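Have a look at the structure below before the remarks.
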Amino acid sequence: MEEGGTRNREEGKMKETTIVVYERPDIYDPIFIEGLPGIGLVGKLAAEHLIQELKAKKFAELYSPHFMHQVLIRKNSVVELMKNEFYYWKSPDDEHRDLIIVTGDTQVPPTDSYGHFEVAGKMLDFVQEFGTREIITMGGYQVPEIQGEPRVLAAVTHEDLIEYYKSKLEGCSVEVIWREDEGGAIVGAAGLLLGIGKLRGMFGISLLGESLGYIVDAKAAKAVLSAVTKILGLEIDMTALDERAKETEEILRKVEEMQRAMMEQVTPKLPHEEEDRGYL
Amino acid sequence: MEEGGTRNREEGKMKETTIVVYERPDIYDPIFIEGLPGIGLVGKLAAEHLIQELKAKKFAELYSPHFMHQVLIRKNSVVELMKNEFYYWKSPDDEHRDLIIVTGDTQVPPTDSYGHFEVAGKMLDFVQEFGTREIITMGGYQVPEIQGEPRVLAAVTHEDLIEYYKSKLEGCSVEVIWREDEGGAIVGAAGLLLGIGKLRGMFGISLLGESLGYIVDAKAAKAVLSAVTKILGLEIDMTALDERAKETEEILRKVEEMQRAMMEQVTPKLPHEEEDRGYL
Amino acid sequence: MEEGGTRNREEGKMKETTIVVYERPDIYDPIFIEGLPGIGLVGKLAAEHLIQELKAKKFAELYSPHFMHQVLIRKNSVVELMKNEFYYWKSPDDEHRDLIIVTGDTQVPPTDSYGHFEVAGKMLDFVQEFGTREIITMGGYQVPEIQGEPRVLAAVTHEDLIEYYKSKLEGCSVEVIWREDEGGAIVGAAGLLLGIGKLRGMFGISLLGESLGYIVDAKAAKAVLSAVTKILGLEIDMTALDERAKETEEILRKVEEMQRAMMEQVTPKLPHEEEDRGYL
Amino acid sequence: MEEGGTRNREEGKMKETTIVVYERPDIYDPIFIEGLPGIGLVGKLAAEHLIQELKAKKFAELYSPHFMHQVLIRKNSVVELMKNEFYYWKSPDDEHRDLIIVTGDTQVPPTDSYGHFEVAGKMLDFVQEFGTREIITMGGYQVPEIQGEPRVLAAVTHEDLIEYYKSKLEGCSVEVIWREDEGGAIVGAAGLLLGIGKLRGMFGISLLGESLGYIVDAKAAKAVLSAVTKILGLEIDMTALDERAKETEEILRKVEEMQRAMMEQVTPKLPHEEEDRGYL
């Protein structure tokens, strides 16, 4: 989707995090599922696969002046600001819940805590417009080594949800561990959406897959998505997840090379500095 | 206390430091006592012990978008934003003053001066609603070595308070030194609450215990609390303070390990970087 | 132009990025051309040369509290805040478009993403007052080596503009490459003006010249300007461009020496530190 | 002056830079002279000496949430936020101008450009209330070596002021050099007050004394003050300036030691880190 929908000057003000809405889907009480870039790109991979398999439809985009001050090159020489994208899936029956899924290019850089809170707050404002009460966040959990299959670490906003999610997860193909690392932390959107949501009377669960931190970790993404789809009561074909991982890894290698060059784009240098640097 | 009290969307906005109030205690002219995390966790240990021994009751929580953008894992797999907590103690007689005590997970990170001022200002706004005029701040003072018992370093908002507090401290079991290090500083809440309070017509004293900077310094906390309770005219059993120190040290060791992992949670890495890193 | 035009206290408030307007030129539907400092000073050189050859007239200045907190020494011992300058050129006929060109001393430092968005937003607000819809941004693209003449890398806001600009560029003396580095980025104003402009219904193209990153790269500037003037259908004499490059390189060498001294201007040092430092 | 004057809750809000006014002096068209901490403490020393010799009277204080988040220990164990102080001197005759002089504890730290602009803007707002049009800023200019007496480097807001100040400086005991380092910079208040003042229709001169960057440079301060007093047409006894320098150097040595300790006040450390650190 490129530039459909109404564009007006308000959206382009960019004085604060802005959500451009293309469509008002007819959904109610949706579960909000977050899968933004993080360790091993686990959450993003999982979200993108879920969106693809469900054929979820994009209906809004989030831009922020707290994201990195750059545009990305998309396909076909087209540039665009960094963004997050909201997709919806309308359940075909009464047994399954409607869904809003968010994924995207980036989170706020780690030096800007206030920006993290601002973006998470705007996301919650938005999904609350659709009656969202329940939140599931997905991501990676860095470990030094993994024996066998990656496990999924779970944490909830309220203690009485543990039994609820345990029953939902019964028979799940992956091992779900309930976190006991008191004092541990979940950094970024995967944590903040639950923390701020809790202050707004919302509730939910965080599911993080053990990951070595490789650039794309399809195994961890598959583990997390297995747990999520079990909770949602959905059957999802996971075959394409491995293929997606290979494509993304290739693109991100190129990106990191370019980012090294881009990072210096606004700083002039003296000739003697160029000599010290030798080959780029 | 988990989610008692009224939650409304205003508190969840998190556009600025927010105080969630559970109860409006019937206290008047309380002394505001601060014990937030710092050197040796001296202030926090002292505050937690005082709260426990007095059976002070929690009545409000402070959240801030200037705190680190993460949630902490609490007991039983429950996640929550980082927060500060306000406790009150209603004096049983006319001889002792009512108290408001604040402690918590964190202060604002050192790179965000404006955030520090914002949080301190909101705290003062809040305690002033209860008629607070007097402030006692507690913390650690880093020294390279300590001979014998740690001493307590005192500083006040107004010169004519020295005699007042000296008389209150007469017979105190610890040695209280009046600071003469003109040009020295007290960084963070222990200083700012007094400095900003002074601009608001409030007054008070800072009591910092000499500490080597160990993760938890129960000896320094005990020294500071001895001075504080002398000023308040209260008798407090200190036995549990040593025990609390041991528990906290264990938890914080685990936390620091996890924080190293958490700190990289939102940054993808290339395989070659994983090789350079070897074991986490 | 020194202090002509109306000065009023509003412009001096500097609470946010401020544009001081000297003249309201009689132009319509101008193309907005950006050439601010960046890699190789390519964009700035190109813009300054275009301004000089067209005899474009300065009509506004942009100041920002997000720029570095300093004044620059101009000619004749005069000090002035860092600024960007807007020039206009009114086309003498119907075949050529009116132009607004921006260049200047600096962009926002890379640590302040929000500041970058704020300045770009104010620039767009301003040029939109004159009916601007189309944007051309100019700059350098860092490469480790260049064989033969530097090429120009192009990217657009909308896919259907590729054919449009290709036809405009037909017969261009330099080689224009359409970017295929999906996931690559354009950092700073050269990217943001297009990205934010796109959200406001504007459109345009970015033209970056391959550059080794030398302090001034007149060859890359010439390549970029050749492509830009081809699109604009203008014939520009490039001789002076090489001469300008030599002057700028000399001035910037002096600047960097002074900046090292200036950077420490507000920090006192102990004598022992001065010994360690030896010669400045 | 301690806590005279009216304190009201507005001043204690500290949401932005705040000026507490003790007295509204009966002065008109004063020259605003700035001498805040910087290289060699040259400006501060010069300002403090001028204040002392003229017996200028303090009438306002400036506090800012952009200053470091700490209180300083003053004399007699008293704590106070970091501040800047405004003094006035009412000329006894028609031949000399009234003066407002500002000096203080600190400028905004170098990482916060926006804070620098905010503080400078508030200062100008304030002095403009008294009809200030003319500004003289004082400070140090870092050089690697000085032969003989330090010279004073001058720069102005408007070119036509050079002759004006040259005539005022005729017969001055120190050598005043007019800056020709196009592209050089003046960082912080000494530059910003002139740069922002210029946008408000104000004018003035910056006088910086050559300094090696020692913690206190009384020679450079004397040179700058000689130039300033020549412009003002005042005769000032310089003897005490050397004595003041010795006192300040002693205090600041202690401060830097303490600041090393203070800087870590809010960060707990593990025992193993204490071992690595050995003696503080």
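The chains carry the letters A, B, C and D, assigned in the order they are written, with residues numbered from 1 in each.
Please note the rule applied: a residue touches a chain if its C-beta (ideal position, glycine included) is under 8 Å from a C-beta of that chain, and two chains touch if they have at least 3 such contacts.
By chain, with names taken from UniProt: A, B, C, D = Proteasome assembly chaperone family protein.
Predicted model only: the values in this text are computed from it and were never measured.
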* Structure fact -> If chain centres are mean C-alpha positions, then the most distant from chain A is chain D
* Structure fact -> dist(centroid_CA(chain B), centroid_CA(chain D)) in Å evaluates to 35
* **Interchain centroid distance [CA atoms averaged], chain A/chain D, Å** => 49
* To do: Enumerate the residues of chain B that touch no fewer than two other chains.
  => 111, 252
* Asked: In graph terms, with chains as vertices and touches as edges, which category applies: line, ring, star, complete, or other?
  -> ring
* Which of the chains are touching one another, listed as pairs? -> A-B, A-C, B-D, C-D
* Asked: In the complex formed with chain A, which residues of chain C make contact?
  -> 37-41, 107-108, 110-111, 113-114, 116-118, 121, 124, 128, 139-144, 154-159, 162, 178-188, 190-192, 194-201, 206, 212-216, 252-253, 256
* Residues of chain C that touch chain D when the two form their complex -> 2-3, 7, 9, 11-15, 18, 20, 63, 65-81, 109, 111-112, 115, 251-252, 254-255, 258-259, 261-271, 274, 279-280
